[in-house]
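Mind looking over this structure? Questions follow.
First chain written, first letter: the chains are A, B and C, and each begins at residue 1.
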Amino acid sequence: MTSPILRIEDVHKSYGSLQVLKGVSLTVQPREVVVLIGPSGSGKSTLLRCINLLNPPTKGRIWLEEQEITAPGVNQDRVRQRIGMVFQEFNLFTHLTALGNVMIGLVKVRKMRKNEARDLAMFELERVGLADRAHYYPAQLSGGQKQRVAIARALGMDPHIMLFDEPTSALDPELTGEVLAVMQKLASEGMTMIVVSHEMGFARQVANRVAFMENGVVVEEGTPQQLFEQPVHERTRAFLRNIMQ
Amino acid sequence: MQDFIDLLNRVTPDLLQGTMVTLQIAAVSLVLGMIVGLPVGVGQVYGPVWVQRILGAYVTLFQGTPLLIQLFVVYYGLPDVGITLGRLQAAFLTLGLNSAAYQAEYLRSALQSVSEGQMTAARAIGMNTRQAIWSVILPQALRLALPAWSNEAVAMLKYTSVVFLIAVPDLMGQAKILASRYFAPIQIYLIVAVFYIVLVGIAYLILTLIERRLRIPGLTGDAR
Amino acid sequence: MVQDLLTTFTFIVQGLWVTISVTAVALTVGLALGMTMAIARVYGHPAVQMAVSAYSVVIRAVPVIVIIFILFFVISRYINLSPFWAGALALGFASGAYQTEIFRGAIQAVQPGQMIAARAIGMSRLQAIQSIVLPQALRLALPSWGNEATLVLKDSTLVFAVGVPEILRRAQQVSARTFEPFLAFGVALLLYLALTLMTTQVLRWLERRYRLQM
């Protein structure tokens, strides 16, 4: 068996007296797609932000490809380059075109030359099916298109793992399909992904593993089949009943 | 009427000379204001608390007091403590520092209106804070601040007129000399008013053109 | 040194009252002008609207000090007025243009439905303006008006140029006597700072008190 790409061990996160994560452990293998489900406020998004150190954990340790990224003295910017992140609200850079959004990380962070960066950025936009929108500004794109540009921007950094924080929650229902299709394609290409989502259909079809979180802990995890059809915990069952209605 | 045209012919060369001084002072002050105002605005948002305090005090001092008195402190007061400046130097320095306070303030509120997600996204692709401020936050903030900056530029153009009170020969300075030379203050100052209207009009047109040029869909800081 | 400071301060502080009076007169004149012009600009005959716009655009393109000079010489040629009144009126005339814009914006920000509703319950146009639109507009205008008030307060020092004994003129006089211009103008500066900071506090309190939930 190969070594895991990501290992999370007993991660805690609190803001003042508010405990959001109360000891989360999770291991992700290369090429695996893990979907995190759970009620809002259960700590799913916080966990993602802990993983890429946007909000470093208050306790616990995280290893990315055998390197402990929570160790003191780790260059957090370098870590984030290896972890792609897609946000619920897209967070595209308003002052840059779609192409510019993908290029800026290549030029400023990966220090690529401009024309080289432009070629790669075009390639990434093609990958998400938006080469023809390269010169549009975010305000001129639909929500689904914005999210696909955001995915291309993350892909441009050549991440080893991608984190998706409710990527379709801010979209009109008719626009979620195009984003999910891109994510499915990524998964089939072998990208390791952790996805926080309420899209149960996507979880069933694409995920290798589903983890149910509540109150800052992982209550249970398993294959989609196990978790959706034979959940062990009553809390998981209650949540699934609620969401299936 | 003929008298008025004669007067106009006689005073125009001097007034044009004054106009050049006015434009020079406005331009230097705005540029100096930008050079000082940019770091002050950024420091007020991203600096450590003690830096924010000091910069805030600077902005309050210059925004809370009349430009004319600031000019008098610099030109008449500073020699008292060993700093003697020429009239033009004093004008450049005072108007520049004054404009910097206003420009910093516009930049500060523009920086604060850039949504937090922009910083988060920049950090997420591996930028450090400095890179994120420089290549993501600041370019957006500058565009958002542009309408306010245009207003400041026009205001500065008009406010240069106080420098004649320390005997700088700007448009107003020339007017004062001419008014007593020809004993026709009302006519002369009316002509000067027309000069200012033309200057402000041209400045307004140029600034509108620049704003249109730099417009980005979804990024408008229409303060008006 | 302490003696100098005391002399300087007591001399200059006597100009405080003049500064406040000039500001008060100018703001009142500007308020009356601005309100009238704004109503004319929004509800008046098209020709009147044009005239008001022209006044506002022209005055706002000219430096306040130029307006003060023109009006000072015009007024003093035809009527016998003290520099204080000539200066204060001129400052008010200039502020009127800025206040016109403030009140115009505020009136136009009141929802059109308010006017329609007022007419629907049988009010005349004038009644509707007076008792429905204006009370709302005035509250909406308060933040910008406060800003204009501090601007006029600072601009009031420009009447120095026509010889009104306000703070700056007093500072100049005392510095000619003590030969300590840094002290004199510094005191004037700090006095003004205290004045504007106080004004800002009062305005903030007023705004909080009369804020309109809409």
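Operating definition for what follows: contacts are C-beta pairs under 8 Å (C-beta built on N, C-alpha and C of every residue); 3 or more make two chains touch, one makes a residue touch a chain.
Everything numeric in this text was worked out from a predicted model, so none of it was measured.
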Best-connected chain pair, where connection means C-beta pairs in contact: B-C
By mean Cα position, the chain sitting nearest the middle: B
Whole-Å separation of chain centres (CA-atom averages), subunit B against subunit C: 21
Distance from the mean Cα position of subunit C to that of subunit A, given in whole angstrom: 56
Subunit A-subunit B separation of Cα centroids, rounded to whole Å: 47
Residue ranges of subunit B in contact with subunit A within the complex: 115, 117-118, 120-128, 131, 135-136, 139-140, 143, 216-219
Residue ranges of subunit C touching subunit B (in the complex, touch as defined): 58, 61-67, 69-70, 73-74, 77, 154-155, 157-158, 160-161, 167-168, 171-172, 175, 180-186, 188-189, 192-193, 196-197, 200
Subunit C contact footprint on subunit B (complex, rising order): 60-61, 64-70, 72-73, 76-81, 158-159, 161-162, 165, 172, 185-186, 189-190, 192-193, 196-197, 200-201
Parts of subunit A lying in touch with subunit B, wherever the complex brings them together: 52, 54, 77-78, 80-81, 83-85, 87, 89, 91-95, 104-105, 108-109, 137-140, 150, 153-154, 157
